[in-house]
Each structure stands twice: as structure tokens, then as C-alpha cells.
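The two complexes that follow have subunit A in common; it is paired with subunit B in the first and with subunit C in the second.
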Partner chain A sequence: MSPRCRSLPGTSRWRSHRVMLLKDTKLMDVKLGQLGTWLAMRDFTPRGILGAIRRGYDRYYNKYINVRKGGLGGISMVLAGYAVLSYVWSYSHIKHDRRRKYH
Partner chain B sequence: MNLSFFDQFSSPSMLGIPLILISMAFPALLLPSPDNRWITNRLSTIQLWFVNFITKQLLTPLNKEGHKWALILTSLMVFLLLINLLGLLPYTFTPTTQLSMSLALAFPLWLATLLTGLRNQPSASLGHLLPEGTPTLLIPALVMIETTSLLIRPFALGVRLTANLTAGHLLIQLISTATMALFPTMPAVSLLTLLILLLLTILEVAVAMIQAYVFVLLLSLYLQENI
Partner chain C sequence: MQAGALGGMFHSGAASAAESSSSEAAGAAVSGGAGGGAAWGSGSGGGSGSSMAAAAGPAAPPTCLPPPPPLARAPAPRPPSPRSRESRAAISAPGGGGHRTGRGLPPPLLTAFPRPALLSCPAMLSRLVLRAAPAALRALPPPVAVGVMHTTRPLHTTQQSLAPLPPLPEKGGEVRHGLIPEEFFQFLYPKTGVTGPYMLGTGLLLYFLSKEIYVVNHETAAAACILTVIIYGIKKFGGNVAAFADRLNEEKLAAVSALKNESIQALQTAIEEEKKEQWRVEGRTYLFDAKRNNIAMLLETNYRERLLMVYNEVKKRLDYQVAMQTLKRQKEQEHMIQWVEKNVVQSITPQQQKESIAKCILDLKALSKSVHAAV
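This part shows the complex of A and B:
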């Protein structure tokens, strides 16, 4: 720390950050050893899951669609994801067509 | 093994969970609710412009009483349009190819228009059963014909939607199978079939939009007669 910055009363010079709770860390900042504890702390009630879906939707919406010059990419990614998901859902049905001679 | 060509219309399910509800609810994800800004994002602007356009088109012929149907007609139009168009993506499922869904949409709405007419203006509604200027001798036959035509309307609405979409999807599958089968042996003919497939896909996009429009237009016409 530069010698010019003053230390406020009540804080120590060497610990200027408060300790971050594990509950509030994002997934990318969690250490591998803490992963199990972190997962156990997450809210898996229906309300929590809905909140997570809502947050995910808002993140995507505000990043790709709710921008000043949004392009085709924002909605194309959604449609491509839907097509892939439909493929995954119908795979067990489609796999019978793989080696058929007459469809 | 069963007929393979009709398997694409079987209602999808995974581990016993029916997925048709997700196919029906998915268009809602593509329609974000616009927030209270003056200039919204491009998707919201397009959506608002489109909804205004449809509403004006459908509701201009209706009187003031009919404007109460604005919400249901417009939302039905957007719903059908999106469902039909999303069904043209690869591997997706179109719920409107199920007759149950088309009839479930057509029957209650038609019945609502009929009952509205019978309740508010019974003689005018019954008067529609006999066109003006028919010769006297033909009246009984014509009344029966018009009654039949009235009662068959919901079935016509539902079956028209389902049959058009089902036939389109089936044609696409048949022609694409033909293209793939011809490719190893006669690539030139396969290319021709591919061209036909391209034109057919463009037609299917048009049909998807037109069928949604026709469904809602006919409903608004039935409403016009009765309200």
C-alpha cells in the first residue's frame, strides 16, 4: 500500500477488505474444495429455482436483446438452442432411423 | 415398426413427461414485455409495431362491442403465428398439427360468437340462416344448408389449420427423404429435388403465416355477423 494513503480509524492497513461470505461468492470464484459446501448452501426450493431462472433470463435479456442496437444474434441463439433441445428430446425416437434402409 | 413418416407428429414426451406444454409455452419467451420506455429495444419495437398492425387490421370492420375481443384475437394470432413458424425449425414439434389443439381453439371461440349473437340479437342471428332474395320454393332447403354450414364452421376452422400444417410437414419430410435417397446414385436429379425442397420450404413459411391469419380472420368475421 502506498505510504500516502491514510488509514481510517477502526481499519487496519493490511486488511482493507471485509471477509466475503461463501454464500455470496459467484460460482467462478468458489475454490474447488469449497464447491460441495457452496452447493449445499444454494436455495433449491421452488422459489429459489424460479429466482435463478428469472435471474438467468434477465442476464441474457439485458446482455443481448435489451441493447441499443440488438441484432439477429440475440434471438438466433435462442432459436438454435431450442432446435438443439428438441433434438435431444426426440433422440430416443430418432435413433431407430439410423440404420434403416427404407424410411 | 410403425409408419415412420407420421412419427414426427406424435406428441413428444421424455421419461413420461409430456413436452407439448413446453412447445406451447416457448413462444412466450420470444415476446418480452416492453418496459415503460419511450424508445424500447429493437425486438420490443418490432413486436409492438406488429401487434398494432394486426389489431388495426382485424378490428377495423368490427363495431365498438366487438372491440372487447381485441385482446383474445390479437393474442391468438400471435400465438398461432409463432407456433406455426417455430415448427419449421429442424427437430421442433408443432402443436397445431394435433387436431385436438386446433379444435380446442376453434370450438369454444366459435361457440362464443354464436351464443353472443343468439343472446343479444336473436332474430338477426337467425336471419343469417336465409340469404336475401332466395326464391320461396328454395327456402326450406336453403335454411337446412345454411344451418349445416353454420354448425360445421368450428370443424372447418380446426381441420383447415391442422391439415395444412400436417400436409406441409409431411411433404417436406417426403421430399427431403427423396433427395437423400437419390443423392448417391443420381446427383443431378437430387439437385432438382433439392430445388423443389427449397421452394416448398418458402411455401411452408407462407402457409404457416397465412393459416394463422385465416383462422383469426374467419373468427372475426363470425364475430362481425353476430355482435
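This part shows the complex of A and C:
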């Protein structure tokens, strides 16, 4: 795509995809230094958050559950995540069962 | 002269038979749809019959097509505009056969029965229409062209396609030990090799335990027991449950695909039946020839019967006349003989009677003498 639009300067139909905007990069492609900027650019409106939740759900669902031969990993990961999350939320209560005071 | 009268009677009889036969021919043509009444109309009668049958021929309706089979109505969901477009294109299209569809605008429900006189290949109908459409539009008067114009644009302009959805993927994402996606292991493999994630896991676990971020209390014991039971259950019965679920799915799929195959099969048989019907249509001519032959035979039989009847009647009348004449002659002869006899008997006087008797006696004597002499 790029060499062609370099050779035809008059074509206005070809958008310059040579420069990838930071807004459009995925999280795994973001360099560590750009992480702060990237996070700041994300859409934090309620609509954006809901959209992100929706997208995440769709991705997980279509990858692990909406298949012909689903396995155990689909729901077990959800349950494990639920267990971990509930432990995290109740840590302030569990703290009191610690055996040593100083670690 | 009587032979001439007889001949005239036969010819008029033949002409009347030809008239009745040609009227029957018109009736047969209407019912059977054959326009060949002129053929045997001229064959049976003389020249007089043929002219009348020829007049009856064009009066019979042209060949009417048999009713199209119901399968031809199956592609009915096509919008009616292509039909009318085809007729309009046909009006402006050069070549023969146009007069058949030119009888006004055919109704939009006219099915896709192929008309070989009109277009060579019915499958190319839409392409031909699209090519002929601008010429046809120019040929039409402006208000009609405007009405037709907005139907030539494609109807579906959205992204929605009618193709079937892509099938579901066979297996889900790989998960190792039921908890950690495979992508994590692949992510760490280039840098740490195969044991990297396990070392990470062990290190994390020891860190949480030693710093008591994860606290070991009664819940830990409970979790250990529960997880043991769960994992034992899964390891033992997991295969069976998976097989059962797969069998359920496969049964559903098999039912649906059986339905699909059945309908495909039914449509195939319907297509074959349709082809057979089309082949049968080609045999129409033979059917009508056979019918025509039958009718001709019937008419011939009828004509001959009537001829025989006429002959018998005429013979009876002539025999009567002959019998009358012979009777009359007979009566005259008898009467004449009786009259002559009566007169002769009357004219014999007594004198003549005596003389004749004496002469007879003399003759008899002479005869007897000659006989005696001979003996």
C-alpha cells in the first residue's frame, strides 16, 4: 500500500496509513513510555466504560464459551477470578487471622 | 337422369357431411387446441368442404399453452417489476414473437414459463433486461419511464448480507490447568523457556504465603477439601459428561441437517418432475395428432353410415317404383288375356262348335286307323 501511494502523488483516495495514531494502537503495542498518554486518551465516559465492558465480555465469550466443544476453562476462569476478587475485597477482614504480626 | 339425381344427392350429402364435420372440427379445435382442422377437412370432402374448413381454421383460437406446473411459481418472491420490465423490453426488442406478449401488459404474476420464441435462454433474463432497460426506458413515454426508473436501483444497499453466518469455532481458547490461558505461557516462552511461568507461579505463591498476603486460616482447609473433591469429580466424570453434551449437540445438528437434506431432495425431485413435464409438453403434437386421427375416423364412420342409409332409402324407393310398374304390367297382361279369351269363347257359335266336334271325331278315327295299321 505505501509504495503505491508514494509513487502516485496526485491520489487523494489513499489515506496515509504510514503513521499509526496512538489512539488506535492496542494495549500490547503501546510502548512503556507512552502508557500514561495512552491511558489518558481512553474514553472514560459512562458510554465508553460500558462499551469497554461490552467488548471485553464479547471477546471472552466468543473465545471460550461460544464454541462447539467448550471446555472447563471457560467457567473455571470466571469462578477463579470471582474467588480472587472476593478475597481481595474481604482482605481487610481476613487480615486479623494472620499468624505473625511482622513479616 | 335418375343416376344424375342420385349423384347430385351424394355430392350434396357429402357437402353436408363436410359441413357438419368441419363444424365438429371447429369444436374439436376449440377443445383439443389443434388448429389443423383444415387438413382433414379438405381430405374428407371435395373442394367445397375445404373452403369452409379453411374458413373455420383461422377462427379457431391459436395454440394455447397448457397450465404451467406449480413449481414454476416457486421463484415468485422475485419483485414484479422484472416481469413488467421484461414485457416492456420485449415490446421494444426487435424480432418476432413480440406480438404474443404485446397483448397489453401481462399481469405481474405471469410465471417464469419459458417462451423460447421470445428469448433464447431464460436464465439470462435478468442480464438481458438490465442491458435492454435503458433502451426500453428511452422508448417509453416520460411518465412511465419515471415510474420504472426507481425500481432499477438495487434494493438492498446496507452491509447486511444474506449469506449464512460463519460456523462456530471447534474448540475454545486453550487453557492450561483449567485456570491460566495458554497465551500467558506463549508470552513468557521466548524469554524464560518452558519452566518460566511455573517458576513465576511458585515464586508468587511463596511470596504471598511468606508475607501473608494470602492468609492460611480455616477457609484454606475448607477450600482444600472442596477443591480436592471437585477436581476428583472432574477427572473421573469429565469425559462422560463431555461426550453426553456432544451427543446432544450432534443429535440437534443431525435433525436439522436431515431436514435440510430432505428439503434439498424434495426440490431435486421437483426439478426432475418439472423437466419431465417439459419433456411431456414436447409430445403434445403426437397427442393431438392421435386425437385428430380418432376424430377423423369417427367422422368417416359417421359419413359412411349415412351414405349407407341414403343408399338404402333410395333403393327402397326405386324398388317400390319398379314393383309398381311390374304389377301394373302384370295386371294389364292378365286383363288382356282374359278379355281375349272371353271374346274368343263368345265368338264360337253353336254351328262352329258342332262342326269342330265332328271334325275332331273324324280325326280321331283316322288316327286310330293309322295306329291299328301300324300295329
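Convention: the second predicted complex is superposed on the first by the 80 of 103 C-alpha atoms of A that agree within 3 Å, B and C clash if a C-alpha of one lies under 4 Å from a C-alpha of the other, contacts with A are read in each partner's own complex, and residues count from 1 in each chain.
In the analysis below, contacts are C-beta pairs under 8 Å (C-beta built on N, C-alpha and C of every residue); 3 or more make two chains touch, one makes a residue touch a chain.
Nothing here was measured: the structure is a model prediction, and the numbers come from that model.
Once the two complexes are overlaid through subunit A, subunit B and subunit C fit side by side, free of any clash as defined at the top of the document. In the superposition on chain A, A:R47 contacts neither subunit B nor subunit C.
Within the superposed three-chain model, A:K26 lies out of touch with both subunit B and subunit C [touch as defined at top].
Looking at the shared chain after the overlay, A:I65 reaches both subunit B and subunit C. When both complexes are overlaid on chain A, the residue A:G74 reaches subunit B and subunit C alike. Of the two partner chains placed by superposition, only subunit B is touched by A:W89; subunit C is not. Applying the stated contact rule after C-alpha superposition, one finds that A:D97 touches each of subunit B and subunit C. In this overlay, which is a superposition and not a single complex, subunit B and subunit C have their closest Cα atoms 6 Å apart. 65-70, 74, 87, 94, 97, 100, 103 are the residues of subunit A that lie in the contact sets of both subunit B and subunit C, per the superposition on chain A.
Looking at the complex, you find that subunit C touches subunit A at residues 168-175, 178-179, 181, 210-212, 214-217, 219, 234, 238, 242, 246, 249. Across the complex, subunit C is touched by residues 63-74, 76-77, 80, 87, 94-95, 97-100, 103 of subunit A. Across the complex, subunit B meets subunit A through its residues 1, 4-5, 7, 10, 12, 14, 19, 26, 29-30, 32, 41-43, 86, 89-93, 177. Residue ranges of subunit A in contact with subunit B, taken from their complex: 57, 61, 65-70, 74-75, 78-79, 82-83, 86-87, 89-90, 92-94, 96-97, 100, 103.
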